[in-house]
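Here is the structure we will look at, set down as structure tokens.
Every chain is named by a letter (A, B, C, D and E) in the order it is written, and numbering of its residues begins at 1.
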Amino acid sequence: MSVEPFIGLSALLFTIGAIGVLVRRNAIVVFMCVELMLNACNLAFVTFARAHGNLDGQIAAFFVMVVAAAEVVVGLAIIVSIFRTRRSASVDDASLLKL
Amino acid sequence: MSEIFGNEAWWVVLLKALCIFVLLVVFTLFNIWFERRVVARMQHRVGPNVWGPFGLLQSLADGVKLALKEEIFPKHAQKVVYFLAPVITTIPAFLAWAVIPLGPEVTIPFTDTQTPLQLTDMPVAVLYILAVTSIGVYGIVLGGWASGSTYALLGGVRSSAQMISYEVAMGLSLVTVFIYAGSMSTSEIVAAQAADGWFALPLLPSFIIYMIAMVGETNRAPFDLPEAEGELVGGFHTEYSSLKFALFFLAEYINMVTVSALATTMFLGGWRAPWGISQIDGANEGYWPVLWFLGKTLLFVFLFIWLRGSLPRMRYDQFMKFGWKVLIPVSLAWIVVVCVMRRLITDGDLDPTMILIIAGVVVAALLVVQFLPQRQTPEEPEPVRDAFAGGYPVPPMPGEQAPPTAAVPTGARGEKED
Amino acid sequence: MAPSPIDAPDIEYATLSPLLIVLGVAVLGVLVEAFVPRAYRFVTQVVLALAGLVAALVATVWVGSDLPEVGGDVVARGGPTGMGALSVDGPAVFTWGMLLVFGVLGVMLFAERRLDGGLSAFTSQASTPPGSGDERRATRLRIEHSEVFPLALFALGGMMFFASANDLLAMFVALEVLSLPLYLMCGLARRRRLLSQEAAMKYFLLGAFSSAFFLYGIAFVYGYAGSFALGDVSTAVSERIGGQNLLLAGMALILVGLLFKVAAVPFHAWTPDVYQGAPTPVTAFMAAGTKAAAFVAMLRIFYVAFDGARWDWTPVIWAVAIVTMLFGAIVSIAQTDVKRMLAYSSIAHAGFVLVGLAGLVTGSGLTSVSAILFYLLAYGVAVIGAFAVVMLVRDAGGETTHLSRWAGLGKESPLVACVFTLFLLSFAGIPLTGGFISKWSVFAAAWEGGAWPLVVVGVVASAIALFFYVRVVVLLFFAPPQGDGPSVVVPSPLTSSVIVVAAAVTIVLGVLPGPVLELVQQVGAFVR
Amino acid sequence: MSFPWLTVLLVVPLLGGAVVAFLPRSRPDLAKWTALGVSLVTLAVSLAVLAQYDLDGSGFQLSEQHPWIETLGVHYAVGVDGIGLTLILMTTILVPIVIIAGWNDADGARWSVRTFFALMLALEGLVIGVFAATDVFLFYVLFEAALVPAYFLIGGYGGARRSYAALKFLMFSLAGGLLMLASVIGMWVISSSQGDPSFLLADMRNLSIGTVEGRWLFLGFFIAFAVKAPMVPLHTWLPDAASAATPGTSVLLVSVLDKLGTFGMIRFCLGLFPEASQWASPVVITLAVISILYGALLAIGQDHMMRLIAFTSVSHFGFIVLGIFALTSQSASGSTFYMFNHGLSTAALFLIAGFLIQRRGSARISDFGGVQKIAPIMAGLFLIAGLASLSLPGLSTFVGEFLVLAGTFTVSTTAAVFATLGIVLAALYILLMYQRTMTGPLRDDNRGITDMVPREIIAIAPVVVLLIGFGLFPQPILDVVNPAVAETLEHVEVDDPEPQTPTFPIAEGSSK
Amino acid sequence: MTEYTPILVLAAISGAFALFSVLIAPLTGPKRYNRAKLDSYECGIEPTPQAAGGGRVPVKYFITAMLFIVFDVEIIFLYPFAVEFDLLGWFGIVEMLLFIATVFVAYIYVWRRGGLEWD
């Protein structure tokens, strides 16, 4: 089974995620886009593992899942705490810090 | 796990898929009737007995009735999601059965094709079941959210919270089974139980935990809080009517059967004939095993109904507390025990079964203790009545006498740290 | 068929003891949170954390004292351990020590409670909305987030792991382990909570974004080399197997992730906001620790794994270094907030370190690695000290970080002003401060590697930056104080000792850098 | 090893400064007296060093050497040759004078008196260190470090725009210093590429530096020094600093600190990059001549007394640089000698002008007039100082300037001629200033001006004495200077040329 | 044709069924408009207006979800361990015990800090 289509798919997902992070304004959505990127990575890992015939990639996918979970926990905690204070999770409303 | 899966003729697959589908639908219809009859008996009633012999066609009639009801799109509903939610809930319910082994290899009648009575199997079958069933949660929470009604929303959130809470316990309880079977493929687990007895005995605590978890997982009494009519009317499907409601209903009953079937496969030796019958040769060949299997499953279904008939509904906090503070630690501890024991046994040091049984009994006892009527944990003492609660004078409630001296406003009164 | 049992891997627990101690103490800290009554929690945590750090430091010294010499083209010390997931070699152990020192200083800053009316710099309850009654109540009850200590230890453990990871996957995990606690800690400021929460959110979103890039890069490199171990990757790279595009894409993405962590232009956007928003102790800890860990990891990846492809990545490093130095220096001129100013200066410093990294001098003598290690040490200590000083200058609303409020500090309290000046001079690289020797060594390494144009740009950049630092010094000493002028709160021995230590180290590194230089030269080679 | 005279020499003022800094703030007089004492002790030590110095000996004498940072090949190495010794003497002589003259300068300043004198002593110590350093790294470090006290001296005490002036001064010097840093790093890289790195002047001299690298590195050093010894176009910081600072500070700036630049040119530009120096000398000579004339012209145009004096020094530094880069032993020793005396004469000018300004409360020449009627002594001393500044024959400055010109003639007539113009202009601005301030009818608002008090006379007298003394008998200093200069130049591999030898590169360079 | 294809078949069948029933419903059922009927049901009282963005649910649910994630991750690691249990030997057990203990520490923390309290 050839690798290209899977890598293409993962690249597509990754790009979608990246663009989403850049253009979307809702923190939650941005965050979901990041998770999408991570999962694109997972797909790439598994595909390459298949291509190389070793399991490293699959193990990597495991670790990535864990990390993603941890990120979810931390990230949602932060976003919720902001949401509780300013009733909106928009990245733009958070503008006390200017460059 | 035989190589045959995934390499069969397309028509065989189609046939088996259709059979499973039909089986599930029929089983559901039967279960509804079964439940109503049994509960009726438990409540000294008769139950449906008009349509068909023993009223067997009652649920079919209900289904038709539902189909003829008007379907409603509430004003505040998110149309698309509201529309799709039942579908999302139903499909996974069916899918879970794809890997449930109903029996050994048989020859399909009128042909000479050999095929196992199982749609397919894979090395991670059980994981697949868990994954698919938890997809159903999406349907519920989305349906609740899309209804645009407060009750439905709360019901959806609640049921999802409760499902995931008990899914953890369920998943943990299965770990020991995998340790014993050395595989996550359903057919191999069944085979393993053929070798060394039903896992229900050596893994009694896991079995008990699983059974509790499965009741919680399917939102059945005494854990049917999402449909707690008293608080939430119908829960997540408050706003659903007609066939959409029917689908939710169907999915719920299929899930009930699914977890029962999984329990059978995991702990009760799957389609293999129970001890006694299994001595008769030929009991485990041909189409007989389907009988054993359905029988065992029906046993669990009866358990469900029995519980519903006999136990009152739990309070939500009790329920969560039970799931998080009892089931999870116990199952973790049990996993540890099993690990160590198993290792000691394979090292061939000490007599296996004794220890396991003892350990099992101990943990089981612990578990049972949880069911005994809880001694009333003293609530934090009634805060001294503050006649100026929130800065406003408050008249004493009935049965509450004002303190002799008018209390002064005390802001920090009765604060306790987090 | 019965597959043969997997034979247990042998892990040199003794060699990893510093890491294990730090993480173990962090877990203990969580238990303390769970069981010790609130009254004693804070103190217990402080004592526990400090004890653990010191123990880890001792262990590090012990590990470092008997690193086996590894021959080869260059004499390196130490070797891979933990199934090759980590490599405890010279740079790794040195970085451990360095990070642990930063950790000790940082924890001492965390524990400072005298500045803000007996309360730490961290919010009472992060869950309460700012300005709400709950918050006031929590403050009145003197509730405190002593969780920051376990968090800091986790972050520290992650940093140590990151600096010594010898395997791309381990590196990613370490990266997250060090980042996640920092994200949280950024949001815990007691004063200006909205600012702090925003900082946390920005840091988190951008950080997660960049680590996703890092991860995708790892995926590509894995696809190219078929393994995560840096050694295998380097052999694959040197043999030029497989499609180069995978390798190039992978390197680029990994570089993005790392450059973000070290706050190099154009991935610096988070730095000023986070530095400003985060509680100052956290900022100090982060500025010193993250940079050190990330740069060592970067060195390891690019010197060990991608050494064979240096012609592909050095141009990028050159460009980034130039842009970073100039940008950091120029923009810092426009700053009016001390913490932002320090943030931009940290960006510029990242550029300087990159200059050293572009030198690629290996072998004996002053290698790029050793130069950078020295730089990181000097910079880290100075920056911790600087932020510690920032903690002291306060008014009714907490710290006053606006520069105009700092005017006339030299008159208000000459001592503090002088110490701060010392740190600024060290940043500027004035002789007889650590900054001078460190800047010196990276530039020397870069020039030796033939990157003299970078050195020239670096000199120009430091001249620009200089202008700003000197302007601040003028402000401190010669400008008339605004209104009643800034007030310097007398801190507890913790903070003051931190400042003293930082100042002392800065001077010693400037005047008698000999021993440290020799040390970094001894440890200045990675084990391949 | 022998007694570490030089170390003592540079430690005494530093320690003294530290002591002064920690004297009780409440008792300024104590600080003043201590500072004076310390500076006098330093002077004594320096004289002892002079006594130790062996005129016939060659190379560095009284040298000490301890490894400082082995890994970088940095040493703490000091030693003096004639040039360094002369300048050290000048420093140690000037500091007590400045202290006496600036006795009350720091009173009523925003900063405490003790700090003022402490900084002065620190500056003295560091400058001595620079003059004595025989290790490039050590030289660089002290060279930069000397800026800090100077910066605070300017910024902490003195006139209205002091903080601006201080910033400008610091930025100019530090920018130059950074370029020098780049060159130093380059030197280190080269030396480490040729065996173990070492910063010792002796070792660095023997490095084989490629032509191109040599020239770049030379540039780095030269620009730094050119900033220090204010050469057009890098001189603009000097007038501001001099006019903003107290007279004493100005003296230390112009007479002492700026000498670091010219000193560095001899010691390092010539010493380390002979080839590059020859290559650059035409350009440098041109620049020198330009700054001679330009400085003089600007000086004529000035109305602010301090600025005027500052510009005169720009012009004088032009002479010094000219002498150095003419690369003849005559001109070079002339320059060294001139450095010494320029220090004295400028000091005298600055201080007396300071007294005037202090009394009158204004620095504008046009505000003065006919002062000599009421303050004859001041007028007289002012005249002598001025004449010294225009290097009247018979005053020591003349000798230096003459030697410079004579040396220059042998290599480039054009340059020499233009330089001579500078002297004429010098006469112009000095005499104009004198005439407009001292002579003429006494203006009423100048009546308040009193004559010099004994303290001030004590301060100025030694300077005048030295000016006249060395004017008549320059030989002793020349004896000290010449061997060192000869050595340096022979390292540059030029022997004093006959005027027209077309083979000589510099001749061509300057004749076009 | 892999072992996953049959699942697709079953999915197709059940999906067809489900979709069919939801699509057929409007045709089979009657249509009688009634404003109150379309309003969201709230035991007959005037329904509370919808909060923006689907309203806000107690943060408790959020905590529960987080805990679920944590333990699910633990399970992710427990399953392969369990399947290969016999091959892993004591080392595997010890490591897994360490892992479980670590997660359990966090669990204890949550418990003690009242993260599991529903009231």
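By our rule, a residue touches a chain if its C-beta (ideal position, glycine included) is under 8 Å from a C-beta of that chain, and two chains touch if they have at least 3 such contacts.
This one's a predicted model, so the numbers in the text were calculated from it and none came from an experiment.
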item: Identifier of the chain whose CA centre is least distant from the whole-structure CA centre; value: C
item: Between the pairs A-E and B-E, the one where more C-beta pairs touch; value: B-E
item: Greatest separation from subunit C - chain, by CA centre; value: B
item: Chain whose mean Cα position lies farthest from subunit A; value: D
item: Centroid spacing, where centroids are CA-atom means, of subunit C and subunit E in whole angstrom; value: 39
item: Distance from subunit E to subunit D - Cα centre to Cα centre, in angstrom; value: 83
item: Where subunit A and subunit C are represented by their mean Cα positions, the distance between them in whole Å; value: 25
item: Interchain centroid distance [CA atoms averaged], subunit B/subunit D, Å; value: 94
item: Interface hub residues of subunit B, defined as touching at least two other chains; value: 418
item: Set of subunit A residues in contact with two or more other chains; value: 77, 84
item: Subunit D, residues touching no fewer than two other chains; value: none
item: Residue numbers on subunit D that touch subunit C, as the complex places them; value: 68-72, 110, 140-141, 144-145, 148, 152, 155-156, 162-163, 166-167, 170-171, 174-175, 178-179, 181-182, 185-186, 188-189, 192-193
item: Touch list for subunit C against partner subunit D, complex; value: 365-366, 411, 430-432, 436-437, 440-441, 443-444, 447-448, 452, 455-456, 459, 462-463, 466-467, 470-471, 474, 477-479, 512-514, 517-518, 521
item: Footprint of subunit A on subunit C - complex, ascending; value: 126-127, 129-130, 169, 172-173, 176, 180, 183-184, 187, 193-195, 197-202, 204-205, 208-209, 212-213, 215-216, 218-220, 222-223, 226-228, 269, 272-273, 276-277
item: For the subunit E and subunit B complex, residues of the former touching the latter; value: 1-7, 9-11, 13-15, 17-19, 21-22, 24-26, 28-32, 37-43, 47-48, 50, 54-55, 57, 61, 64-65, 67-68, 71-72, 75, 78-79, 82-86, 89-90, 93, 96-97, 100, 104, 107, 111, 113-114, 116-119
item: Touching residues on subunit E, where the partner in the complex is subunit C; value: 59, 84, 86-92, 102, 105-106, 108-109, 111-113
